[in-house]
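Order as written gives the chain letters A, B and C; numbering starts at 1 within each chain.
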Amino acid sequence: MTAAEDILSRPAVRRRRFGLSNLRGRISWTFVAGFLILLASLVLAIAPGLIAPYKPAAFDYKAILKPPSLAHPFGSDNFGRDILSRTIWAYRIDLQIAFFGTLFPVVFGTFVGAMVGYYGGWLETIFGRVVDAVITFPFLVLVIAIVAVLGPGLFNLYIAVSIVGWIFYARLIAAEIKVQKRLDYAAAGRVMGYSTARIILRHLLPNAITAALIYWMTDMALCILLGSSLGYLGLGAQPPTAEWGVLIADGKNYMSTAWWISIFPGVAIVITGLGFSLLGDGLSDMLRPKR
Amino acid sequence: MSAIPAERARAGQGATLSVRDLTTSFDTSGSPVTAVDRVSFDVEPGQVLGLVGESGSGKSVTLRSLLRLARAPAETTGSVLWDGRDILALPEAKLRAIRGNEIAMIFQEPMTALNPVLTVQRQIDESLRAHTRLSARDRRVRAIELLDLVGIPAAAGRLDDYPHQFSGGMRQRVMIAIALAGEPRLLLADEPTTALDVTIQDQILKLILDLRERLGMSVILVTHDLGVVAQTCDRVAVMYAGRIVETGEVGEIFREPHHPYTRGLLGSVPRGGTERRPLLSIEGTPPSLAAMPSGCAFHPRCSFRTDICFAVSPPLEPFAPGRQVACHHHQRVAEAGLP
Amino acid sequence: MLNLGFVVRRLLQMIPTFVFILVVTFVIVRLLPGDPLSAQAGDRVTDAQVAHAQAELGLDQPMLVQFFLFVKHVLSGDLGRSYVVQIPVWRLIGQRLPPTLILTAMSTILGILIAVPLAFVAALRRDRVSDAAIRGTFQVGLSMPVFYIGLVLLTVFSAQLRWFPVGGYGDSMADHVYHLFLPSLTLAVSLAAVLMRNLRTAIIDVLNAEYVDFARAKGLMPRVIMIRHVLRNALISSVALLGPTIGTLLGGAVITESVFAIPGVGRLMIDSIYGRDYPVIQGLTLSLAVVVSLIFLATDLIQAALDPRVAQ
């Protein structure tokens, strides 16, 4: 309890702020770090052919299960495929999963949330019940069940995620709009005789959307985790497509002898996930008014 | 009415609180901000001292600093002599024996100052356990006595209620009961009535005065409301921008203020009526602690200012028995009379 | 402790939830494009089985009638028969549920045991190096897929160090706990991360609460203030979060059971998808939703018992 006593008893504790936060102006360092990580990821996704040393599906029977070396910095798998190249090519697929898996939820969820938040009443009651019920399904179980019916594959994965995902955005936006609506400028808008659409679009949404934007960043990271999980289980991207989850599944039987096959794609997932989280945290620091 | 031992013995053997050069500053990101600046005052046994000022004048921080309760990263210097000991220099264990026992404190907002998830009984009990050797059963009896003492009807039946089950006024009474658990000789009250409506305010103030009589406590009452001061205090210290600018007997200060700020405050109190207003009728706003004006901190708002006020900060000096003021032109202010 | 009116109201809220769960499970198998029975049943299922199942599910009836039939079946405890192993779905799920429930319970306990002390350290040493280190580590943990954490733990502690079995479930309760330790740890990472972050914020908020100042002004021991006032209040505000997080954890169990070859419902789900065993998939979706809604109920009641304001 020494730390506890420290905080509680001595009023004269001097606390040092950690890291760069003293320098924080409008641009937060988390935002910059997240932005740089994602920018690099985007470059890898757009032009993997320019950066990756090998073709992702190129077999090389002279280099089977080779540990990391100069020729194969991340090693090679049981077909002699270069893990670095496959990990790089997978950026294209996994960033795509992050984007298409969240696109419909963001757009549709924002729309529904704006309606629910603005009109309230019975719409809000029904929506509340739907939210209560949807969150009782473990998200992954529901997505897996939908994919099971639709069949494995990326497109069906997007459909499954979209069916459920919009609800979280709608809930966020509805809550924010409700708060915004009570503020004076919305009332002023009504007095000035602006149309409902104009009040929602021009006045309420731009202020409410910050929360959804920040959640979108987290959601894209979650979507990559989900997409790679389904890929690992064989329900998402199908082999031989280079997708991080698929790559990790490829190497799972070689973990004790050739750890590099699974480990490096996992590192890519973590770094990309951190990129989204940092960007989200940074946006949150910059866009949200301080308490 | 009840068997509080304090009643039999305490009156007449209270201690004097003697505060000298109390300074509390907050070191926020490199530039220290001084919230309380060399404040000195005394509180005699049985006396009620009013600490008056606008919000941000440092009165609440002063009160908290007396028990070393100012929030980190606050740094407090000076001395707070209580019964021959300097509270600011005491080791932790000795300090705990004073807090809640010899000196108790009550806060402005009982809704936030009472723990919402503990019953009233437990919140009184933990204080009794810290400061008495009573058995569990005796502590329960005592808790009922205390609730009774502060005027909570059917006290025995309310012990196991939670704070949110009480009305605002009753909640403040509960907080006072908890504060009384250690039989304090000095009660620090931080705007105890601000959150309440006017009739309840009067009841709580009467209760505090009544308890002062019966338990022989001294009281420091922080308030921004001169009406409250007139009703309850013996002496008053007016604070502005972290400093005491004027002290004296309540009657004398109300009759003849010597500091232009005090004069302005009094001008904002509607005379004769009972209605109380916030202290707003002095033009301008108090300075930010991070950007204090040169010289006298009040000069930007002062109609008596001359060149010296821009350059020299006036010290707090006695000018008559029991009176002190920090103003270069206090005689002129006094002659000007009440606005 | 618990307000009876609140319990009744909370139980009544379960009714629309259950209705919705039934609707969703019904819709998943019937309304989505593609005919689950014939088109995708594949070669593992014979025509006779399909016809039998179709009659059993009443797929030739109008949709509303089908729904009421479905509800009737579910309420009478009939979830159909598995195409693959030919036993009632109800019994199959009953056999596979215990490992999953033990796994979930162990991960929850493990997650709490990890999160609470670290949240305390992080909150009390806020913005210092130790706080940044704890938060950074958990952020990395949160960015890792469950199957990846599982694979790494499995390789290091089972395959290399041989401290734990490489999979399976064991025979006795002690054996179960031993077998499920690594899988629980795998799942506990994300729960601990979410809980730690929430609890840290809650502790910081509570440390700034005036009732903590009042407790200090009473002259209480720091230990008493920390446990009775700070930790207690912070934990109460985090209990609400526990329900949804355990729900997510149950989803993660599906993956973890695949990695560690645990014969639970998650593993059954994946096997049923590969085997296109639709009655089992439907039954699993339904029963997992019911389990989660019961977990929500439990955490709500716990919170109401701890926080007198909730039951108002």
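Following the convention adopted for this analysis, a residue touches a chain if its C-beta (ideal position, glycine included) is under 8 Å from a C-beta of that chain, and two chains touch if they have at least 3 such contacts.
Keep in mind that what you see is a predicted model, and the values were worked out from it rather than measured.
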Most widely separated chain from chain A, with each centre as the mean of CA atoms: B
Chain pair with more C-beta contacts, A-C versus B-C: A-C
Chain centre separation (chain B, chain C; CA means) in Å: 52
Inter-chain centre distance, chain A versus chain C - centres from mean C-alpha coordinates, in Å: 21
Numbers and ranges of chain C residues touching at least 2 other chains: 216
Contacts with two or more other chains, residues of chain B listed in rising order: 69, 71, 95
Per-residue overlap in chain A, given as positions that touch at least 2 other chains: 5, 7, 9, 15, 17
Residues of chain A touching chain C in the complex: 1, 3-9, 15-19, 21, 129-130, 132-142, 144-151, 221, 225, 228-229, 232-235, 245, 248, 252, 255-256, 259, 262-263, 266, 269-274, 277
For the chain B and chain C complex, residues of the former touching the latter: 64, 67, 69, 71, 95-101, 104-105, 107, 109, 112-118, 126-127, 130-131, 162, 164-165, 175, 178-179, 181-182
Residues of chain C that touch chain A when the two form their complex: 13, 16-17, 20-21, 24, 28-29, 32-34, 36, 40, 121, 124-129, 131-132, 139-140, 142-148, 151-152, 154-155, 159-160, 207, 216, 222-223, 225-226, 244, 247-248, 250-252, 254-255, 258, 269-270, 272-274, 276, 278, 281-282, 284-285, 288-289, 292-293, 296
Partner chain B, residues of chain C touching it in the complex: 208-211, 213-221, 224, 228-229, 232-233, 236, 306-309, 312
